[in-house]
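Chains here go by letter, A, B and C, matching the order in which they are written, and residues are numbered from 1 within each.
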Amino acid sequence: MNKRFLMKAILGLSLALGLPLAAHAEDTLAKVKSAGVLKVGTETAFAPFDFIDETGAHAGLNVDLFDEIGKELGVKIQWVALPWDGVLPGLEAGQFDMVAGPATITKARVERYRFTVPIAEATVALLKRAGDDTIQKPEDIAGKLVGAGKATAQLKQLQDYGKTLPKPVETREYVGYNEAYADLAAGRIVAVANSLPNIAFVAQKQPDTFAVVKPAFGQPSYFGYIGTKKPEDQSLIDAVDAAILKLKKNGSMAKLQEKWFGTTFDTPDTVPTPKV
Amino acid sequence: MSWRLFDLMLWAAGYTVLLSGISIAIGLTLGLLVCAAKLSTSRLLSAPATVFISFFRGVPLLVQLLLIYNLLPQIGIMVPSVVAAILGLSLCTAAYQAENLRGGFNSVPKGLLEAADMVGLSPWQQLTRIRAPIAFRLTLPALVNEAILILKASSLISVVGVIELTRMAQNLAASTYKPLLFYSVAGGLYLVICWTLAGGGALAERLTRTHRA
Amino acid sequence: MSLDFGLILKQMPDILSGLWVTLWMWIVATLLGAALGFLVAVGRRYGPAPLDWLLKLCVEMLRGTPFLVQLFLLYFGGPFIGLRLEPIPAGLLGLTVYAAAYFSEIFRAGFQAVPKGHVEAADMAGLSRAQILRRIILPEMTMLVLPQCVNMAIVLIKETAILSIITVPEMTMVIGAIGSQQYAFVDAMFLLAIIYWVLVEICGFLGRLAEARLSKFRFAAS
């Protein structure tokens, strides 16, 4: 099949149907405000940032923080929950105005996306089974099977770190982190690599099952929310940035971090140059 | 499992049925058109129908859904999650239903049509009075089967951001650490729906058969 | 948009390994599923009534639930009842059992379609039950069930894409991951669609070829 032919066929069809083809560069912030709705793409398997709680409700730092951001912008938040590997493609396809996640601020991503100011630390560490004495420090995963989320920065860091060890680390890529934790509990893998705030939350929720391996093995890094680099989207991310900074200043951010992480993070007020 | 969580599962099951039902209806309509095009003597009509049927039967639904969700917006057609899900399911089932219908139309006894010709029925009358009713009855079991297939296939639409029964079970399995319970409940709900459909289909078949006598 | 297949083709070794996993798991699950399905069909036809009911219940449960839910139950629920399978064995087992349910129904219909007269005649001629099955029913049935078996094989190759969700490193998993890494998600999905489409068309072609080759047996069933 000739892909160009198919593209032309689809193009022709959409023309025939009189659908608007040219993506007109209407300012996204203005569009969001006039619609009164900010569409945010996210993944709900990333506790405590974004998850489904025991009552089946959508909860986490993202939900609380975007409620506040929504108030600042005077809009309602509409969530679109996808498996993580579909979230960034969805943003690029224009399915939502921005992405919550959050996502680790990395060199590769900074080149392609516009990040908001950091909202939490993202340094990667390992989660192991409670009572597993074979893993005392990060190096102990050499030659073993470790899980991480598909299409995540954490997976990339795990792979890079694995190469520095005497025996390479084997990795397994999960559609969502919940499945990786379940597999760790089931004993199919020896550890899960995820950011410290995530795994600290999981270990604290289930201390009989999981434990954090200290210290973190990854380079210091931060979490931010993501928008595109399209010119028309910049005003929106600027506004979200301003809202986050305001929440940091008036202490709401610290309260939310305390609520979800049991601690506060000292995050920079601008997007830092990523080390990873 | 608390009642609140069971309610959520029931709600998700209802949503699954709703989306599948809409997709089946659209798919049947579209399938009729594709079938008509495929049966047409003009290659201009039958060739695209052949490609349509081959493509949507030859590509996994998972891939179709991701393509619809991510490709169409890039060429200016906005498809929100629910629309992408319905579109994916509809196009997929349309390809199968077109083939089923074609089988049905081809099985209408030639003698009946010749007889209809003799008594002077117009081609349109032949279609509405003879061919369509017979083809419908012949393809009814296949239609019920297709409805069951689409209902089960809808377990994949969460990849484009729709929370249906399977995704709900997955979410609750993770938040309560009880995968066995929630996946079993989801399986049970699918069974109830599928068996109801199958039972209803068998009943409809019996009814249309007595109608013939 | 920039459809750039060159980028993806650079990862050819990974793609081929994914294709290999897809192909062997598909073929093994199809063959094992057909064999198991045949046993189930025989068990239901010739076994005692309770066995028939039990097997019918199993088959209907498998046919009434999505493959994805079955896979989740097996993979994530299994460890809670002491069944801890790695992704590939779990995927293979899940796909085989799923296939067996559908194959058993195809074979059951095949048994029923063999004309009673043929079986009665063989019985009169003094053939044993096993001989009747092997010499009369099977050859006549093969022609009848072949098209449905090919259809089922096609359904199964598409179902293998779902194995990616339990981390089986098959084609959808591998190509999807490359697409994410390279920010070429749509290209990756396009490539996947084309590969599956070609595989399905090849499978259908081989099926029609086999049908033509075996058509000399057709008279037996008519």
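The working rule: a contact is a pair of C-beta atoms (placed from the backbone, for glycine too) under 8 Å apart; a residue touches a chain by one contact, two chains touch by 3 or more.
Source: prediction; values computed, not measured.
A.B. asks: Once you've mapped the touching chain pairs, tell me: line, ring, star, complete or other?
C.D. replies: Contact map by chain: complete.
A.B. asks: A-C or B-C: which has the larger count of contacting C-beta pairs?
C.D. replies: Answer by contact count: B-C.
A.B. asks: Could you grab the centroid distance between chain A and chain C? Build each centroid from C-alpha atoms only and quote it in angstrom.
C.D. replies: A distance of 37 Å separates the two centres.
A.B. asks: Determine the centre-to-centre distance between chain B and chain C, using the mean Cα coordinates as centres, and give it in whole Å.
C.D. replies: About 21 Å, centre to centre.
A.B. asks: Could you pull out the residues of chain A that touch at least 2 other chains?
C.D. replies: Answer for chain A, listing residues that touch two or more other chains: 7, 89, 92-93, 179, 182.
A.B. asks: Could you tell me which residues belong to chain B and also touch two or more other chains?
C.D. replies: 66, 70-71, 74-75, 170, 179
A.B. asks: Give the residues of chain C that touch two or more other chains, as numbers and ranges in rising order.
C.D. replies: 76, 164, 185-186, 190, 197
A.B. asks: Which residues of chain B touch chain A once you look at their complex with the stated criterion?
C.D. replies: Per the stated touch rule, the residues are 4-5, 8, 66, 69-78, 80-81, 158-161, 163, 168, 170-172, 174-177, 179.
A.B. asks: Taking the touch rule as given, give the residues of chain C at its contact with chain A in the complex, in rising order.
C.D. replies: 3, 76, 79, 84, 86-87, 164-167, 173, 176-177, 179-181, 183, 185-186, 190, 194, 197
A.B. asks: With touch defined as at the start, can you tell me which chain A residues reach chain B in the complex?
C.D. replies: That would be residues 7, 10-11, 14, 19-23, 41, 44-45, 51-56, 80-83, 86, 89-90, 92-95, 176, 178-179, 181-182, 206 of chain A.
A.B. asks: Which of the residues in chain A end up touching chain C in this complex?
C.D. replies: Within the complex, chain A contacts chain C at residues 1, 3, 7, 85, 88-89, 92-93, 112, 150-151, 172-175, 179, 182-183, 185-188.
A.B. asks: Which bits of chain C are touching chain B when the two form their complex?
C.D. replies: Counting only chain C, the residues touching chain B are 1, 60-61, 63-70, 72-73, 76-77, 80-81, 154, 158-159, 161-162, 164, 172, 185-186, 189-190, 192-193, 196-197, 200-201.
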